[in-house]
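Let me give you the structure first, and then I'll get to my questions.
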Amino acid sequence: MEFKTIALHGRNADPRVAEPMQVLVEHLQRAGIDVITDATGDDDLAARQVTEQTVAKQSDMIIAVGGDGTMLHAARIALQHDVPLLGVNRGRLGFLADITPDEMLQSVDQVLAGDYYLENRLLLLAERHRDGAVDGTAFALNDVVLQRRETGRMVDFETRIGGRLVNAHSGDGLIIATPTGSTAYALSCGGPIIEPALDALVLVPICPHTLSDRPIVVPASVQVEVKVLRRIDTKAEVTVDGHTIGDLLPEDRLIVRDAGHRVRLIHPPGYDYYEILRSKLHWGRDSRQRNPAPYETD
Amino acid sequence: MEFKTIALHGRNADPRVAEPMQVLVEHLQRAGIDVITDATGDDDLAARQVTEQTVAKQSDMIIAVGGDGTMLHAARIALQHDVPLLGVNRGRLGFLADITPDEMLQSVDQVLAGDYYLENRLLLLAERHRDGAVDGTAFALNDVVLQRRETGRMVDFETRIGGRLVNAHSGDGLIIATPTGSTAYALSCGGPIIEPALDALVLVPICPHTLSDRPIVVPASVQVEVKVLRRIDTKAEVTVDGHTIGDLLPEDRLIVRDAGHRVRLIHPPGYDYYEILRSKLHWGRDSRQRNPAPYETD
Amino acid sequence: MEFKTIALHGRNADPRVAEPMQVLVEHLQRAGIDVITDATGDDDLAARQVTEQTVAKQSDMIIAVGGDGTMLHAARIALQHDVPLLGVNRGRLGFLADITPDEMLQSVDQVLAGDYYLENRLLLLAERHRDGAVDGTAFALNDVVLQRRETGRMVDFETRIGGRLVNAHSGDGLIIATPTGSTAYALSCGGPIIEPALDALVLVPICPHTLSDRPIVVPASVQVEVKVLRRIDTKAEVTVDGHTIGDLLPEDRLIVRDAGHRVRLIHPPGYDYYEILRSKLHWGRDSRQRNPAPYETD
Amino acid sequence: MEFKTIALHGRNADPRVAEPMQVLVEHLQRAGIDVITDATGDDDLAARQVTEQTVAKQSDMIIAVGGDGTMLHAARIALQHDVPLLGVNRGRLGFLADITPDEMLQSVDQVLAGDYYLENRLLLLAERHRDGAVDGTAFALNDVVLQRRETGRMVDFETRIGGRLVNAHSGDGLIIATPTGSTAYALSCGGPIIEPALDALVLVPICPHTLSDRPIVVPASVQVEVKVLRRIDTKAEVTVDGHTIGDLLPEDRLIVRDAGHRVRLIHPPGYDYYEILRSKLHWGRDSRQRNPAPYETD
């Protein structure tokens, strides 16, 4: 890949974003690169202001500055034209935004010099079918979530894979997560970590009534179908990467499948998924003590 | 496939095994099939008595009669020559032995008529490396388990995938399970269910000290390496499908990878993995009640 | 206790409730007992129709016919005057409604003859404090739940016990459950079972972001305080035994403590909490198989 | 309490223990206190060398220097004569050894001046009954653990409380933990945290085969009985606070009950159980990110 035009993306109303973004603009322009941006928070940003559509069409790479939330948003812009993404974190290391500000320029230079690791991430497409038509679609880099919407009643729903019944569930809902999303909400609900290289998705029941109703990992090639069962007093809604796309009525079907597209992430050399896991999950730092020998002093 | 020679396998000292086995011998012989067996518990069994090696070499299919344990054993015989396996359960439905006695003859006839579903199951190879050489290997259809061997002390160990450090763990040990094994011991330790069609394995820490030390699902193509860390008073051993293959010293390495072979399972038409899951995990039968509406009487 | 006046309670629009209720009325009247009811579904019910207030004031015992939901509702009537409660289930055995229809008359006769077991169950009082005043209270026999109310964002909140900070949490919310409620929603969220004889309550985080944010069991004598932290885009609400009592703003405080009252349950002789647990949780019926010996056929 | 004679306890072969111990000896002697010790690792320690029995009989307080393991050992010495315990940690903060080295002298002075918080911790007594007699007993400050002893087979066992059957379990074993032990091994096996002020114990199944076999919290006043069921190929053993007290045969009974004694812990003013929990469990430090708003940069 050659990076002639690079787009900067981020909420640069935040000075912690605006500052590294300004540094990046100057650095890239000195290297002869055409820098565009859809960021609108800083009038003094010396990059060409364009729309999201232009970013998608014209840029050879998007550098997102912020956190994983910014990366999720940039991914939506990028996927229309398969633009690769580089993520600069403005604070703590992220799962997706894996470059820290102090190594930013060095990492960008390595990438420009062709020294990088390109990774494809699974993207899901969620469709709500209503009255025989598709009524609402969204792409999910993290997860599609069915969740109850009112008070303390459970939602009852059925899951199907490739048309075959998997289970009738009762509980707070269901998460259908990509490997990328497996370390987000799904992990809090008892789901496993899934290595991004594995072409799989995971169905994680949320607080299931039946205690043996456990996460299931399936090939990414399957089509998942979810149907809410009729029950007095419960309502369910669907959220995709944290955004509601609407309610799900008993007459509706939620269909989730591989979107076809992949999100292309650019990592600087030395990228190590497990190192990020260890950092984010504080592995190796738990200090409880379990029945040490009498004289083992810690 | 043509089934000219069929081997029967099972612990026919148990009358609940011997009886269906006898019925099968007569049924198959009437159909002109050469029936051999390595079962030794019943002298009157009208099948040709052979060794396990002959079973592996000469049979076009092995019918195992018993439970999942019998299937695991039959799988070890079968894999040397890729012989497909059919499982007849002598009692409750099994994950692997999925034909019930009362539908036995009908299912066998369907299979003989070519009406069956052939499924490949991942098989792992576990190797203990000691003093620079491989010292102990075993095939795992379910799982390879590292576990502490003495008293109440934790075992400390490191995991690597493709040479890269995953984590340093403390706890009761680690399960490396196939999709087949994901519904066995791994499920009791918090692991996910993995659909057998997915070419993946899962690392499940057993009672980990660090609460964020969670199951990780990885492609089956990776090589997993486990090393015990030196610590006073702990000993660790490795078991494969429930059988000890020896201890693991800090100098040793446990290497687990795809065995290359697959176990070939024959299922009668109508086989449904999720139906077995629902049956074995009692899905849909939990009857606790969660904050019903005041007048919902159950 | 002498049972001169007995109240029947239940949703007798349901024939499965109306029928045993009618049987009970006749049976109790033959025994010379004054039978009253607040049930309104069946004009032919030969019991004196009264209000809930009259039930509470005049009855020496309330017999609730239905499921655990009916028992929860009857408990609210009963607690105002400490009326003891007997529960007849119209279908499957309940945690609270522990008399099956076919043993109903025999059990009732035993109770009338003084042969019964009286059990006190902890009741919690939930108060929402707003603008320096108590604005909304409710009694909880099962649980007080703080839960997020919109889309896919987490709710951030702090818990205090006796004024001391316990933790700052992020996630789907928090359950504060009695021992009675420990087998309801709290169990689905990873909480322990608490024997009803133990004067304790449990705080169970719902899908907590931090994986080490685990259930805490504390004496029932403590006062629990919950405060929602200000965060864009999240809203939280409080439900008590499944019914919403309103939202919880960052300025509000949710105070939960022992209500003082106990719910008095009457059990027929032979009552066994663990037998109910075994029945409701299907203990002893799981049939997965874990690495059996090669020839153990199941 | 008046502290005329103070015993120092710790593995002072470790310089990180010997040094603070030496500082303590001098500090206490300057205050006119008679300092004794059962520590044997440092000949130059200016304290009177005595046996553990003398420590128990003569000291008004034991100061244990080390980690929680040292505290567990000191507790065994202390309980014979109800001597209160103060714990100095030589490294990271402990659950029991809650004074850090740098605040050691200040905390000790506060305690000597009568400014402290005295806390009683539940102690369990484990008895193995064999051939009609008690054959092996031990005190548990953390936990009594039944665990399988060989290979990969499950252990089957029954639990009884007050003579009534609780459950028939299959799995890796069972933990019976005090509130103190609830944050040790039991927490790794899915048990809840139990506040030490609550007079309760918890039964935590280890990797149970039945997924609904969950932790149960019961009053400390009950007697727990465990019986191993006869099964080919499995052996079980009992460990108490991490030390094996022997195997458990199907003919044996393991009886666990409140030891009567309490372990008396002395804490400096400002002691806060929840602060220790937050520190040990890294609460508030998890940094995964869950579906942030598009522009929430972290």
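A few notes on this one:
A, B, C and D label the chains in the order they appear, each numbered from 1.
Heads up, the rule we're going with is that contacts are C-beta pairs under 8 Å (C-beta built on N, C-alpha and C of every residue); 3 or more make two chains touch, one makes a residue touch a chain.
Computed from a prediction, not measured in an experiment: that's the story for all the values here.
Seen from the Cα centre of chain B, the chain whose own Cα centre is farthest off is C. Chain pairs B-C and B-D differ in how many C-beta pairs they share in contact, with the greater number at B-C.
Put simply, the C-alpha centre of chain B and that of chain C have 43 angstrom between them. In this assembly, the C-alpha centroid of chain B lies 39 Å from the C-alpha centroid of chain D. Of all residues in chain A, those touching 2 or more other chains are 152-153, 185, 187-188, 190, 209, 211-212, 214, 239, 241-243, 281-282, 285-286, 288, 290-291, 293, 296, listed in ascending order. Residue ranges on chain D touching chain A, taken from their complex, read 10-11, 14, 16-17, 65-70, 72-73, 89-95, 142-143, 183-185, 187-188, 211-212, 214, 239, 241-242, 280-282, 285-298. Those residues of chain C that touch chain D in the complex are listed here as 152-154, 161, 164-168, 187, 190-195, 197-198, 200, 202, 209-219, 232-233, 272, 274, 277-278, 281-286, 288, 290-291, 293, 296.
Only residues 145, 147, 150-153, 171-172, 185, 187-190, 206-209, 211-212, 237, 239, 241-244, 281, 286 of chain D touch chain B when the two sit together in their complex.
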